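Taking it in order: structure first as structure tokens, then the write-up.
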Amino acid sequence: MSALLSLRGVTKRFGGLVAVNAMDFDVAEHQVLGLIGPNGSGKSTTLNLISGAFPVSSGSISLRGQPITQLPAQDITRRGIARTFQLVRLLPSMTVLDNVKAGAVFGHRRRWGREAETIAEAMLEKTGLSGRGHMMVGQLTYIDTKRVELARVLAGEPRVVLLDEWLAGLNPTELQEGIRLIRSLRDDGRTIILVEHVMDAIRSLCDRCVVMAAGTKIAEGTPTEVLSDATVIRAYLGDDDA
Amino acid sequence: MDVIITGLLLGGTYALIAMGLNLQYGMARIMNLANGEMLVAGGFVAFWLWTGSQISPLLTAFIVAPIAFLMNWLIYMVFLRPLVKRARSRGQLEVDSILTTFGLSFVAVGLMLALFGGDYFSYSYLSTPLNILGDTYGANRVAAFLAAVVICGLLWLWLSRSRTGMTIRAISVAPDSARLVGIDVRRTAALAFALGGAVTATGGTLISTFLTLDASTGVIFTLKALVIVIMGGVGDVRGTIVAALLLGLLETFVARLIDPGLTLAAAYLLFVVILLFRPQGLFGRPTT
Amino acid sequence: MSRLSARDWRNLVLVAMALGVTACLPWTAGAYMLSIGVTIAMYTVLATSWSLFSGPTHYISLATAAFFGVGTYVTGIGIQYLPYWTLLPIAGIIGAVMAALVGLATLRLSGVYFVIFTLGLAEFVRQIITWGQNISGTKGIYVLTSIGETHIYWQLLGLAALVWLLGWLIGRSRLGFALRIIGDDEAVARHSGIDTARAKILLFMVPGAVAAITGAILAPRYVYIEPSLAFSPMLSFQVVIMALLGGTGRLWGPLVGVIPFTFLWEAISVSFPNQTTLLLGVCFLVIVYLLPKGFVGLIDAAKKRMGAEGYA
């Protein structure tokens, strides 16, 4: 099993603070990897480093063996890694359809015109937004804004999807819908990295988990393995998150 | 040698002007493009009081500072606070405040033109020669420099030691966290803006003792102050002083060795070099 | 690219007819009206191309005077050596290259830097040219051609048509779509795969080239060119005001700002020549506080209100 995405010794320093310290992990194709850990453990920063939101201080990231470490965000997206944001970011002056089209036109597979519209509509349907393409994003409910963002990511047909706490803030019913949606992506054979707090979701969605605490990887394995690991339990109990 | 001293003397006064702008941009987060007009107005008052009733510009500074403080506070409350309130993003506030302060700058120029006409104004105050290290310099330049050093020093002490000063620096570094520890960010921003205006106007009073000003020169000083602030690092007091001295030196060198008509071009080139190689300022850490 | 709809065709025909009618101005109007016509055409070209860039990106460019001035000098110097018709494209290329360089240096940074950089640019070029003239001992340049006001007017109209066409094409292109996304949220744009710096630089070359060509067209009007005339910073500010006053959201928006502002400016400079600066200042404040979307915003709001009443 060869890795689709690998991180080797990836480190990020902000001034004197080491936010991410020597992270190593691989993601294989069609795998769903959960990146978990207490608040402030560096999960989102790791995602930001992979997506090129800010530069890596040291270490290397590669996609199918090709180094992508110092590439700007747009090149990383073009090579096939697309992300959602922790706080949903949509394009306020545009319709839902145009928001999704943005991903189709400029993402990994670049399409234009009728072709872009077709795929954007398909992604709206996939995420449960059919018939809402003409709406302005300001009129949407919270979960629908999250769906639009996901649809935008998918419309570029990325090789790796990064979801940054995509399930956070949803009410219990929405949460079940959300988990079902991500599971359907998994069933489609998508490769996904999931930064998540919701344990249910992690158990039911992830093939493997990487656990972070204070910027370092403290455990790796299947969800059942890592969630019974003594170090992991201690890391969580040390935090108020447990 | 005399080029270096002339440059440093000029740079000292620039430091004061740029400090004013830095308080407004770095701390109050408003890029005030009408800053130069405040300077010219300070110069106008000095000119007017000196030619009218022989009041020394050094004394005038004490009148100009509180008036400018009040005026800038009013400007902030009337024009800028509504913009801060309605802004949905930092970018929108930036565009709005650029347009507004440009507008204010033109209004100020227009009013000054109407009140005083378009003539250059200069007066002769302390124009006696002074001998330093074998060369002579105008006593007015030296006096302005010393006054600028004193004011900069006091300002720096105040910013780093006093409670209010620290609050101002806190909102410049982290406005959101400042709010969390109970700082009234809006009031502090208004204070920083008003103080910045007062400092710049005082700088104008001092600079008018040795430079010729007219109603429309403000924008040139705004540009120079901006170059200094960006070079020194936004919100960085020490950087501002160093950058101001550097600019003073550079301008003096260019004026002496090449052509006095190229001083602004030189400042601009310096700005370009800084933008290309150290956009975070001389002492700034790279931002992420 | 999708095909033209019936509405597109109707608009195209209407624009072509309107241009045809305005082109008749030299035969119907006197010298004074023609000179106003030239001024309006010139500012329409400048303001429309300005808002092609600044509308979607929200970057306020004050470089118009720099590009314009360079353009006038291309004609001023070039006319002695080259045929006139080659000068306009040369000016356009120089303007585009300058804009690309400015963009490379600043468009990755925040908007404030860009404003200052462009504001300084005209002054920088002016000081350099003045200095060059001092060294070589020349003062200004005489531009003596047989090109009269009428020809200038027609050339500007042609250029305006080109700018509109270009703006319309960009609006339908991937670049136009990218710019709308950048205008909404630059981080999203980058993470969607848009090279934001490249898109902005490409687009900034449009007003750069257009302003330089406009300068080149207008040079014969001045007869005598000197740096303080060619690089007047006022021009940059006027263009910004007219574009914003009209509204940058539509292609025809700037035109709606240019026409009233030109007449207002004429009136003020005739009766209160010293108060033009004050007028500029007041206009800026009016735009920010009363007309944030320009006249276009007013018209849209009125249309909406009438539409709402119509349904009621």
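Going in written order, the chains are labelled A, B and C, and every chain counts its residues from 1.
Heads up, the rule we're going with is that contacts are C-beta pairs under 8 Å (C-beta built on N, C-alpha and C of every residue); 3 or more make two chains touch, one makes a residue touch a chain.
These numbers were taken from a predicted model, which means no experiment stands behind them.
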Chain separated most widely from chain C, comparing mean CA positions: A
Two chains sharing the most contacts, counting C-beta pairs only: B-C
Inter-centroid spacing, chain C versus chain A (mean Cα positions, whole Å): 43
Mean-CA-position distance for chain C and chain B (Å): 32
Separation of mean Cα positions, chain B and chain A [Å, integer]: 47
In the complex, chain B residues that touch chain C: 25, 31, 33, 79, 82-83, 91-92, 94-96, 98-100, 102-111, 113-114, 118, 216, 219, 223, 226-227, 230, 258-259, 261-262, 264-265, 268-269, 271-272, 275-276, 279
Footprint of chain A on chain C - complex, ascending: 1-2, 174, 177-178, 180-181, 183-185, 187-196
Chain B-facing residues of chain C, complex: 58, 60, 105-106, 109-113, 115-117, 119-121, 123-124, 127-128, 130-131, 134, 233, 237, 244, 274-275, 277-285, 287-289
Contact footprint of chain C on chain A as seen in their complex: 51, 53, 72-75, 77-78, 82-83, 85, 89-94, 98, 101-103, 105-108, 110, 112-114, 152, 156
